[in-house]
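Just so it is clear, A, B, C and D label the chains in written order, and each chain counts residues from 1 on its own.
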């Protein structure tokens, strides 16, 4: 079930689905949550109330493997030109975070994962979010990819080079491949393999580093604790 | 007119619209460009031929003010959850790069710019790209915003704080505002203003740094020349 | 008392001063630590034994306020050309980490701190490290700096602009000032003040970001947890 | 011959050795340069005059191969605890930038380079800077290193792993090795080799990224053009 509202008390965020909300700052009544923008708990603490967004729900969603970060999903979307008309092939459904982001933007997603437990998690997540343009396939994409004519393919598996040939064949001319790898050892191998494929051109490999800033009246500096690394993205194009 | 094909010779990219392509590596015949994937110039140099994508066209588009980078547009899209159903308000059309990215993803864009020359450039760009879900308005958004019920608002103007009140009123409850500022002096002022508005919650301010990597058989390091900075993004939400 | 040896078992580091070393991996005998390079604990675990260095001791030293990081101290040393002949003025002794690094390199350090507890801590640290070329003064440097003819001055206090005039007067012509500030609000104010002083030229303001890498046979990526920020360094020069 | 003074006009820097200084902003007389802090050119432009520092001279020094940056030299100095008592082994004299920085800090430097042209350049630079505690040896350090009992060794050659065994033997117990490599392919190989040497412990591999900031009354952002990469530093210790 989806989160419906977000309650905020002094910068702390609480997720609400149904019933009264019990917090260390007191209880907020369901009827208040449903009807008001600001409500007081029984301990007289003030809570701001906002409609929950897709992002709020994603943040709360903790099913399955590690989720891809918005900065990386953003690069994938913009650098491939993903849009309402895109037919997208996803190799490695994972937790479904990328799947869902893409499904809400693209026309159609076909998502492969070798592990049935992954597929099950994604299926449940898609149902919760009422997303219907995703086809999940539990199969090793290095063996076979049945569909074709894709505009974009994303690869997030341990050995991305094993699926490169099949992915290339499933793409349209001019189509984009993005390979997502936590480690440069994988990027290296993907690039080596892609360079040997006459149908592919390696564009570039990038990483993005996201800094959050603390900004108040007297403070102005990047946050001290930081996620230093998520992944490298290799962009490849089909001739 | 849009670019139709991309020709690549030894990593160098050439844009083709119509007619024969004249390059320092020789001339490639129009009929070859139209029908082949690999063609030789009259100087016997080999060119790879790819269908031009939206990105290729954007890259070539050099009309108007400085364009926003894919990394920043990506963060805007993913962190606001922009999707096929989004109604988006854009303050500051600029060159229209963000406008076009968003128009290809969202349902509807209303884009304000105070300068008529900006609006004209964007109008031409939209026509070239056959984008029809954007309404351009040449008007100072700090004076009035006529429409409302927006899911997301982006602000890319010199004094973003001046439009914050009107933008806030035009948004749905739970809607997102993203303010894009090259300089922290602006981010500072926007945050200060937003904190004084009881309808708004300041989420965070981020910057993303993009590193390109040189990866060959013997080389493995980030590129030496780098764009060190584009902008700071401040995310705000309406209660 | 200083640490004399470092014992390492499976990448974990243990500090030894005297007596037998008791660890969760067993006890290592004092006589073995003193005489061997590799020793086994009574639980038959192998420990590598290294002479403790200045860095090992600094790492262990946990007296007083937050210590400056090697990357920032490094920039201070190299960009001011600090060397055996340098006479250095330090405003803000803090924990003495910078003091000790500089004392081991420069000819003479005069270090001011407004807080007597800081001075006491640094005095004890200096004694432990047998450093004798540092003169500690518990005094507000914005009131008076008695000595002069300094080659280099470092400033690490909350309101660095308050000491700028006195520091400038205490420097030789061509001398360097480095102001260390966690927040840009301070850098801003220092620069503003320095620009109004006809004896000073503001060179630049930098920050350095340090990334640690995980490198094994199969892994090659930056560490995920990272210190995202320490401080901004503003370099100023006296005419 | 060394630079003696720096003249600054509107942020532009001019290096002076002797005679009148001829610039596009007019001529400044030698006698004025020698005796004043502010002088006017014959075109009535004002120049600030500063004693030239070691850094000014280094900046001007353009003899030989690419020089190491202050941020990297800084990390080498602080993380090895280099100081007045250090005996340092340098493999790869290069242009001598690191040599000179270290010579002004450490007790004694023995610097190897396989190329006689490098040694000649460094010899001339050392003479210009009146540095006398450096012994230059034109020899392949992978063949033999005659001296020993070093506290610290730096390696900046194309195939650092080839000298690792000899360097290790020349070091004291507890001594530090720093290997400087532009590419991770080299770091990888050095680490692999070091792990196979029972006398060595690999500490870590880091890179530092330096950002310069533009700070004026209205502007506050990192510089747009940036050096994105210099090198990776691998720290190793002798048991």
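Here is the rule we go by: contacts are C-beta pairs under 8 Å (C-beta built on N, C-alpha and C of every residue); 3 or more make two chains touch, one makes a residue touch a chain.
Not measured: the values here are computed from a predicted model.
Enquirer: Can you give the shortest number of steps from chain B to chain C, where adjacent chains in the path must touch?
Expert: The least step count works out to 2.
Enquirer: Averaged over CA atoms, how far is the centre of chain A from the centre of chain B? Could you give it in whole Å?
Expert: Taking the mean C-alpha position of each chain, the two centres sit 21 Å apart.
Enquirer: Express in whole angstrom the distance between the two chain centres, defined as the mean CA positions of chain A and chain C.
Expert: 42
Enquirer: Find the geometric centre of each of chain A and chain D from their Cα atoms only, then give the gap between the two centres in Å, rounded to an integer.
Expert: Here chain A and chain D have centroids separated by 44 Å.
Enquirer: Counting only residues that touch at least 2 other chains, which ones in chain D make the list?
Expert: Correct list: 184, 211-212, 220, 232.
Enquirer: Spell out all pairs of chains that touch, sorted by label.
Expert: Those chain pairs satisfying the definition are A-B, A-C, B-D, C-D.
Enquirer: Please give the residue numbers of chain D that touch chain B in the complex, ascending.
Expert: Within the complex, chain D touches chain B at residues 182-185, 211-212, 218-230, 232.
Enquirer: So in the complex, which bits of chain B are touching chain A?
Expert: It comes out as residues 6, 8, 37-38, 48-55, 70-71, 73-84, 101, 104-105, 172-174, 176, 184, 187-188, 191-192, 201, 204-213, 215, 217, 220, 232, 237-239.
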